[in-house]
């Protein structure tokens, strides 16, 4: 995986405490698989993994993040003209869906990688979008989906935007309405576990996971999540290298949502 | 500028090796680091059979440091030989295999299996990993046990054996002397220190394994002291490590008595750190009046103050 | 918000004390720190007679850390009582006298001399200073010796005795249990780690004393681990220290099991650090859902995870 | 000693690698004793001791330093309008000289505190000034002394400015020309030792010392230099609190220049 020093060409604050940096990176924009991420240099011992939030035809890629600690705060202070040192594109993204309806389920800062999926497959697949978060202030990229002609179903824990409740309600409705199809999801682990449980084994279900990372490239074995080995026994999967996108069949928590 | 150095019988083109556990087996950094340009690569600790390691989270940042509790997850020696070693061997890397075990016999078993394998240049006994509760750790601060495992491994292989010391003891010189007397060909110093952080928000230990190993520049003073002490306590060469990020840091370890160094944590933030350090070594050596790496080794020791 | 806490019989208005050796005897920070506002002040280690300490240079900065080799220079107990204690006593400070000695008898002599002195609230046995070659240091990693000196001091004084542990050992819980069994009223953890730096330009150790004690945020993970371990190993209270700079750092130590904390190195850079931390404690405790200092003590321990 | 947050009101680069920051600090400017220093916050564990280089009637004080490491580099990056966090005034400066001729001997960055002495005593005492350094690029504040009507004798190790050689030659001449008088000196330790030896015991000789510091206020016992106790035995003196200015009679190295 190459290392880039990418110029910040645009900076947005789509929501309070959320920043999106657009980077000039034609080769990345062309090569990106939805769900892949960048390992971004920030001061300190470790880089920070951030999923790509968009890839534009004019050769830009986006990183959209919520400010939660020292690294994202430093990133939020970057300005147009600054350069970011990134390792990218990292990991395995969502596989190209088979023909048929595709549902994208995004929670909070899990939404951005699904927008890349929407950009990639809006023209070729019938896409539905469910977005959720704790509160309206954390539901990002709604207008972006709309610009693609998609109308996301939104739910928030506090009802401040869309439906009151979790993404599971609109998901249940979608599953009832669609016989086949497939589900692509990204968000907090409990959400992913709930999605996997509802979707069940009948349809392909792809989940993009998060885990604290060291190297970001598969070398240090820091970023493991429990998977289900071929023998049914638990085995570690590296989010950075084997993921971040996994089939729900391979993930321990997706099989045992009560443990998530 | 002559960057060549030796660790006993092992000749190195330059003094900068990748530290065990931080560089995988090489291919992970393909395109970013040409393993043939490194002094060498110490691979992740290898046991006779695969180990699962600890539950995540496995890393946590601290001031100038990094805590990890990987817990020695590894593919076992057979898969290592079949799947991992070829990449390094094919590229001509100098390979140091870090070995681990729960018992003396397990250490010896890995050593025996690696003996004579093409592409393996030395063994590094990790008797000091703080993340394993059974076995490994007690070797790290009991000189008699450390000597016994060293002897067991020496008896099982013709490869040079480097013993990697734990700083979690008050008597490093004693440990060093014990393993040297048991036949160690070199010492590696240091492994991580046992540390811990609390995730204040969640009111629980930040690492799944509760405690973890502290690495990075935070521990450099401990590492330099360890190299200083053990290089005076024994006659075998010392490979120094702990928080190295720049060519000047490398020089600090050389002056303290190291014959070569390893770079670990720095690679996470800057995958190209080792290559950059190697490129900067000539300038830095020259700036401080040295015409070779060898001239700098131990040059801060009392007897050499006038150098 | 209730900031009060106790270390055994010693009641503290808040959990933040000045760490021994970093705050002198109080007047040095007159005008910057009101000693009555602190949880308490641990004064520089006091011996029966004046000690000279090490040759300079005595400090050196490292990444997120500080090396010092003061070498326990001190005025001796008589001059301390005559010249230094009055300032603290007059201002109503809670005073912990850090005591040092080359032998058990010397420790006991200082303890006996301080017994009954007005304005002295507790003794802190420094059995762990890495800068003294004779005596002191060996107590720090030999449980039997540590217990013996604790017993000697307990027998010489009615004051509460806190024993300050060295992290330069692999068996802190064993040390803690040994001194607790010998009658220690509390533990202080941790003293500095033995470290060293090379002055690359001059090709010599950066400190006159060659090695020194490492303090500051670099060692915080070691300190938190130490507090975590010893607070589970013994029933007596633990005073935590090592790299504390903010109120959140204090909370980390409380969660790990400390009943109070000390702040050392941070004072050099920010003399007002302790006062600022005390002022910020209420906000920080509230932010993480605590309504008092006491509620946070040990709250990250397994049995208390549901708190 | 108080802590101040002082605004940088002027920034000069008098010589390569030398920066002088002028700070707005009326109360300090009025209170300062020549030879006192500021303990200046820089990132890291320790502050940095810097002597005051001037105190102006309009309430400014100066800090003139050579960029030698991380702390002085950070300080050199300060700009007008930035604020410095300083503990000051620290230590004991030069005592007011008795009547009679006064010689100021400054080496390199030891020159600035002697300029404060010149400012203070130019009107009241007959002052002579000897300045030295390794090279012309390290001889600072010559024009400042001249502006006070003083003409410094300058010597450099490489002869690039003034006389070739050490300050000891002009010092020897001054001592030969002046029977009584007193000497105030600041510079590297070997220079101070040489000055003390030449001046001898016949006249008051005050030396401003340097030592690595921790607290800067007398608490940590880091900054010691060997002094001569009343019993003739060595005793430690704290540069920050007992000094930085000491009588040459109290200093071990001044008594034993061969050990300096």
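In this document, chain identifiers A, B, C and D correspond to the written order of the chains, with residue numbering beginning at 1 in each.
Please note the rule applied: a residue touches a chain if its C-beta (ideal position, glycine included) is under 8 Å from a C-beta of that chain, and two chains touch if they have at least 3 such contacts.
None of the values given here were measured: they were computed from a predicted structure.
Novice: Using each chain's Cα centroid, which is most distant from the centroid of subunit C?
Specialist: A
Novice: If you average the CA atoms of subunit A and of subunit D, how far apart do the two points sit, in angstrom?
Specialist: 61
Novice: Averaging over Cα atoms per chain, report the distance between subunit C and subunit D in Å.
Specialist: Inter-chain centre distance comes to 36 Å.
Novice: Measuring centre to centre with CA averages, how many angstrom lie between subunit B and subunit D?
Specialist: Here the centre of subunit D sits 47 Å away from the centre of subunit B.
Novice: Would you mind listing the residues of subunit C that make contact with two or more other chains?
Specialist: Residues 64-65, 216.
Novice: Testing understanding: with touching defined as stated, what is the shape of the graph linking the protein chains, line, ring, star, complete or other?
Specialist: Shape of the chain contacts: a line, open at both ends.
Novice: Once the touch criterion is applied, which pairs of chains come out as touching?
Specialist: Touch list across chains, by label: A-B, B-C, C-D.
Novice: Using the touch definition from the top, list the residues of subunit B that touch subunit A in their complex.
Specialist: 21-25, 28-29, 31-32, 44, 52-53, 56-61, 64-66, 68, 70, 73, 216, 265, 267-272
Novice: Give every residue of subunit C touching subunit B within the complex, in rising order.
Specialist: Against subunit B, the touching part of subunit C is residues 62-65, 67, 140-141, 166, 168-170, 193-198, 200-201, 203-205, 210-211, 214, 216-222, 224-225, 228, 243, 248, 251-252, 255-256, 288, 299-300, 305, 307.
Novice: Where on subunit A is subunit B touching in the complex?
Specialist: Residues 1-3, 41, 44-47, 87, 211-225, 236, 241.
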